[in-house]
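For clarity, chains are labelled A, B, C, D, E and F in written order, and residue numbers in each chain start from 1.
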C-alpha cells in the first residue's frame, strides 16, 4: 500500500511555510511539507499523495547500498 | 460566397464560437472560408489534386492510383486540447496518418469533421487548424472534405475532431496481425510514454511540470523507408491508447501466439519514468502518438532496426522481444509475458479501463 | 531517479538472490507474510517470485486499504456522491471498486453523480474554495500514510473557515490488523498455518516508526523486517528474515532505515492524534470486525465530519459467499483456492476484496502470474 | 479476442457506457465485438468485400473500381437522438450516403466514429447501431472501419456519430454547382420540412404532437435512376441544414446566377405548415434529410421529373423554379427570389443562424 | 389550416387588389402606417408591396417589441443571465439581439451564462419547479399580447409559492406609442409628413379591443382599420382605408372581427390590471422616452419582480449615431435613407433597432426586398 | 408583432380548468386557456405563446369571407 517516492526539494514556495517544489528526473510539482520540520532546499523527502511524509536520510541511504554491495558475495563463489 | 456579404467580420482575436457558426448559414460559410479553408490553402493542403473543390461541398472527387486503398478513422477527444509538443489539431492528423501507415499504405487524403462547443475561442481554433495544416503538410496529405458542427455549451469539450483517411497500399504488402509468425521479432521505434505523460502533466488535478513533449508525429515517412528496405514486414501497429502493453495484447490475440518481452530493452526516458512514479502509473500502458511497433522475421530484424536507426523518427528504435516460437494449440489463452532485469517474469495484462493515478 | 535506481540494480539484486539461495536451509520451509499490498505488487512487478528458492514462500496479507474497505462504507460514499449538491473527491484507486449491486463511484458518475478523482487531499480544499455553493466531501481512505493528510485537511478547513468541506473518514490502523491476523485461530493453531516472519510496511513506518512492530516480535515471537519497495529492498529484507529464522531470532529489523526511524514522524503523529480517535471496532472487508483498528473524527472537528453532516447510516452489504478473501487476507488460502478466480472474478469484473485493487493478492496473481498457476 | 475473456458480460439491457468502454482495453474490444460488429455483421454491412477485416483494425483495405471516387464526411449531432421516423444512427448513414449521391457517386463504404457520453444506456446505443446497420443495408453500403471514444458525463450529448463515405463516381458525370446554366430548372424530390419538424416536435421546451415523420432516407437509389435517364443532370444537392432556402442561396453563389422560385409549386404538407405556424418558422428554412434538389436544363426537366415520379422516393417531386435566364455581370449579388401565389415577389435570404421559434 | 387558408386564397386576394387599383384616386397619394411589425412582416412575406398601386404607400411603424426594447434593458437581462445562480428564460426572438458591446443573450450563453429559450411563460414556471436551487428569471417582453401571460406567471408563482421565480418586466403599451408618434413634430407638422390612416394591430386588439383606437380616429382625424395578418386581411384593410380616405371619413373599423371585439378580453385585462401598473415613462429604442407607455409590477408582487430581487440598476447604453431608426420608427425615414443599411448593418450583424428583429422595417427590407431598393 | 394563430380546442385537460389540448392540421399541443372563459371542445381560439388570447367567432369568420367573396368584383369587369 501507499505508493511513495523519494523526491528532492527544489525550492520553498514564497509566502508559505507549508509548500515546496520538488523534483524527480526533471519532473517538478508543488507539494505540502506541512507534516515535516526543518525542510531545506536539497533535502530528499518521501512523497505520498502530495505530502512529504518523512525526510530521507542520505547518509543512511548511501551506507545501506555500500554495505550491501560489499556484503553480498559475488554470484559464483 | 462573396467576401463582402459578411457584414460581421470574423473576429478571430476575441471572437468565440456561437451556435450560428454551425447553423449552415452565412456565419458558417464565413468560418469555413476564412478560417478552415484559408489555413489549409495557405499550407497547400486544401482540396484535391485537380478540381480545386474544398471542404465545403457535399462530396469531393478524387482519382486514386490503381490498386488497394487503406481507410481508417479516429475521433480525437483529448483533455487538455493543448499539450507540450502538440494540440488536438496536429494529433488528429497524426493519428489517422499513422493508422494508414500501419496498414502499409501511403496516406493521401483526410476528411476533417469538427464538433465545436459554443463559446470556444476562435483564436484557439485558429491555432488548432494551423497545427492541422502544418501536420498535413509535413505528412504530405491533403484535407479534401470537412464538416463543422457546433454544440451547445456543456455538450462538448471545446473541440472534437474526427479524421478519416484514405491511403494507397504500397506494393501490395501483406501487413497485418494475421501475417505474424511464431519466432517473429518485435521492434519499437523509440521511447515510450512521452505523449501520455505530456498530456497528463497539463491536467489541472495532476499538474506537474516537465520538459517532456508529446511524441505526436506522422510515421508514414519512416514506414515508407522501412517497407522499401524490408517489404516483407509482417505487421505494423502504433501503440496509442493503452500503450505498448495493450497493443501487444491485441496482437497476441489476433496472431494467436504468445509474446515474451525483455524489460531491459524497452526504451524509456528517465523523466517519463519519474512522472509515472509520481502518479503510480505503468509507462508500458501510457499512450504514444508517434511510435510504431514493427514485427518481422528474426532474419529481417537487424536490417529493419538499422533502417529505423537511420531515420530521425526511429533513431532510438530497439528490438524488445519476440513472438514465442511455438503457437499454442486449442487451449490458447494468449499471454504477453515480460522478463524483468532481475531474471523473473511477469505478465502484462490488458489495460483495465483508463489508467487512473493511484495512491497504493 | 536518485535513491530509486540504486535499489533497482539488477546485479546487486542477483547477488542477494544468490545469497538467499545459499543461506536457506533446504530441509525446512520459510513462509513470510508481507502485510503490505505494496510489497505484494512490487514482488510481482519485479518478477521476484521466480527468483526465490522453492521452499521459501511469500504469503500475502491484508495490507491494501482499497481491498479491505467494507462494501457498506463504499456504499455510503456512493450515497454521498449521489446527493445533488455534493462533489465527492476520491483517490483514483477507489473509482472502479464495486459496492453493492456492482455500483462503483465511476458508475455513479456515469449516472450523473459529481465524483472527482484527486491526487491529494490538497485538491479537495481547492475544490471547496472553487465551488462555494457546493458541498465537497473528501473520501478519506488508507492506513497511517494517508491519515496525516486527512488530519491536515480538517485543520486547514477550520483555519480557513471552509464550511462546505467535510471528510468521510475511513482510516485504518496497520498494527491492529496484524494483531488480529496473528490472533486468528488458523494462525494461533500452529498446526494449520505457520508464518515464519513478517515484512513490515515501509511507508506506514515512515509515520509510525518501527516501534509499534516490536510488540509482534516479542509477543508473537516472529521476526519482523521493515522493508522498502524496490527489488533490492525486498530481497535484502527476505534475506534478513531468512537469517533471523536460521538464527532462531525474532527481532525487529529495519531494512528501510533511509526513511524510517524508530519513532517515526512525531509531528505527523501529533496532528493525527489531535484530529482523530480510535473507534471501538471497525469492519475490514474479508477480516470482519477488528477491535480498535479504525479512526474516527474527534468531536471538536465534527462539523467537518461527513458522517455527522449528512447523517449517514450504513446499510448491510452482502459479499459473495464463494469468495475466499477472508482466508486469503489472513494468509491461510491462496487465490488459486477460489473457484471464482479468473472465471467470474477478474480485475475487469472483481467480486471480492482481493481482486478490487491492483495490490490485492488475487489481482496481482491474475495480472502478473496467472500463467503460472 | 476470445469471447471467454470477457468476464464481465456486456449488459445491454441495463448497462451504461462507462469511460472504460473507450479506454482501449478489454471492455472496449468487447463493446466493439458484441455490439457494433455483431450488429453490422448480422445486417451484412460489416467489413469490406474480401479480407473480412472489421472496424477494429487500424486501417481496412479495399479495392475500388477504376475511375473517380467521391469522398464526404459529416458529424451528426442531434437533439433528441430519437425522433419520429429515425434516430441518429440511421441519420448518420443517410447523411453521408446522400452527400455522396449528390456528388453523382454510388456510395460504397462508410467509416463510423462514435463519441459516446459516459452514462449513455447500452440499450439505446444498440437501437442506434441497429438503425445504422439497417440504413446501410438498405443503401447497399458497407461500414468498413470505425472508432469508439467515450467522453466524461457533461462533455457530450449521449452520442455523436461521424461518418465519412467513399463512393464511385457514376459514368464520369459532371455534376456540381459549376455546371449550372442560366435557364436551368430546379426540381425538388418531395415534401419539404418533414425532418426538421419531426425533430422539433420532440424538443421538451417546444413539444407538440404530430404524425409527421422525419424524411430521413437514402437517396442513392433515386439518384442512380435519375442519372441513368438524364446523365447530363447539372447539379444535385440535399437541402439539409438551413433547408431549401439556404441550399439554393449556396447554389446561387456557386453558380453566380439568380434564382426565381414559384411558391405555389413547392410541396409542403399541411401538418408541416401548421407546425411552422405554431412556432413562427418558415418551412423553407427547415432541415430535410431525405430530399434532393436537382438542377437540369429546361429541355431535360420534364423527363427528369417523370423519372422521379416513378420512384417511391420521388413521387411528390415538382419543378419549383429556375435559374434566371441572364447571368448577372460584375456586380453580381446573388438573389434567391420567389414569386408568391398573389403575384408579388420576395427574396429568400440566407438563414440567419439557427431557426429560433419566434413570438413576433 | 381552417380560418387561415381562406384568408390566403390567391383568387380572392387578386380580386381585392383589382378593387384597390380601381378605387384609388390616381391624383393623390395614400400613405398608411402599419403600426404593427407583424403587418410589416406579412406584407413582405406575401409580396403585397408589388401588388399595390404606385401612389399607395405603406409606412412602417414601431410595432415590434424586440426592436424597441432599449439596449440598456437588454443589458440588464444579460447581467441577470450572467449571475451564477440564475437561469434566464427568454423568447427566441430576443436571443440574438445585440446589447452594449454587441453582446447578446446568445453570446452570454456561449460564455457560460444559463439562458434558456422558452416558447411560453408556462415553461418558466416548469423550469423554476424543476430547479429549486436555482433562480429562474423570465424575461418578459412584448405588447398587450404577452402581458397577460406574464401576469398569470406572477399569480401562478404566488399561488404555488414558487420562491425562485421572478419576472423582468418590459411590457409596453401600443396606444401610448401611437399617440407619441402622432404627437411628434414631424407628423403634427403636416407639411413634413402626411399619414392618411392606420392599420390597427390584430392580436393586441384581441386583448384590448377596438375601443382604445377610437381616440386616434377622433382626436387625430385619421382612419384606423384593425386588420388580420393574412394577405386577404391585409388587402381588405388597405381597401377599407382607401375608401375611408376617399369618403373623407376617419372612423375605427374592424376587419378582424372574427377575433377582435369592441372591448377585447375583459378577463385578460383584469388580470393585467391586478398585476401591473403604469410607469410614468419608459424608453423606447429609437423613439426615446414615451410617457405612460410601459408597465411595472405592482408592489404586492414585488417579491417576484426581478428588478427588486436583484437590485438592478440600468446603465446608459450608446446607440450608433448614424442609425436612422428614430426616423424610421416614426415613419419619416426609410431604410434606404440609412448609410449603414446592408453594408455595416445586416440581419447577421444588426446595428439599430429596425434590423434586430425580423419584424423591423430594415430587416424586412433587407431580407425580402433589398433587390428592389 | 405577436404571432398568433387560430387553433381548435380538442379536449380540456382533466383536473385542470386552465389547460386544453388544441390542434391545427394534425399538430397538437397543450396550451393555457386561463385567460378566456367558457371554453368548449370544438371552439376555435387565437393562440399566442402558449395562451389562448380570445375565442374566434366562427360565424363572423364565415360571414367576412362570404361578404368579401361577393363584394369584390371579378378581376376583369
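Note that contacts are C-beta pairs under 8 Å (C-beta built on N, C-alpha and C of every residue); 3 or more make two chains touch, one makes a residue touch a chain.
For each chain, UniProt lists the protein as follows: A, F = Hydrogenase assembly protein HupF; B, D = Hydrogenase expression/formation protein HypE; C, E = Hydrogenase maturation factor.
What you see is a predicted model; the values in this text were computed from it and never measured.
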Set of chains whose contacts include both subunit B and subunit A: C
Distance-maximising chain from subunit F - centres being C-alpha averages: A
Averaged-CA centre spacing for the pair subunit E and subunit A, given as whole angstrom: 73
Subunit A and subunit D: spacing of chain centres that average the CA atoms, whole Å: 61
Separation of subunit A from subunit C, taking each centre as the mean of its C-alpha atoms, in whole Å: 22
Junction residues of subunit A - those touching two or more other chains: 1-3, 5, 24-25, 48-49
Interface hub residues of subunit E, defined as touching at least two other chains: 1, 4, 14, 37-38, 64-65, 91, 96, 106, 119, 123, 142, 146, 348, 359
Contacts with two or more other chains, residues of subunit D listed in rising order: 18-20, 25-27, 152, 270, 273-274, 277, 280, 333, 350, 352-353, 358-360
Complex interface listing, subunit D residues touching subunit F: 201, 207-212, 270-271, 273-275, 277-278, 280, 358-360
Residues of subunit C touching subunit A in the complex: 1-4, 6-7, 12, 14-16, 18-19, 22, 36-38, 63-65, 91, 119-123, 142-143, 145-146, 148-149, 152, 201-204, 206-207, 232, 236, 255, 257-261, 264-265, 267-268, 271, 359
Residues on subunit E engaged by subunit D in the complex (per definition of touch): 1, 4, 8, 10, 13-14, 17, 37-38, 44-51, 64-66, 91-93, 95-96, 106, 116-119, 123, 142, 146, 231, 347-348, 357-359, 366-371
Subunit B to subunit D touching residues, read off their complex: 1-2, 5, 18-20, 23-27, 29, 53, 57-64, 66-77, 99-100, 102-103, 105, 109, 111-115, 144-147, 149, 151-152, 154-157, 160, 162, 164-167, 169, 176-177, 237-238, 240-242, 246, 250, 253, 332-334, 350-354
Parts of subunit A lying in touch with subunit B, wherever the complex brings them together: 1-3, 5, 24-29, 47-49
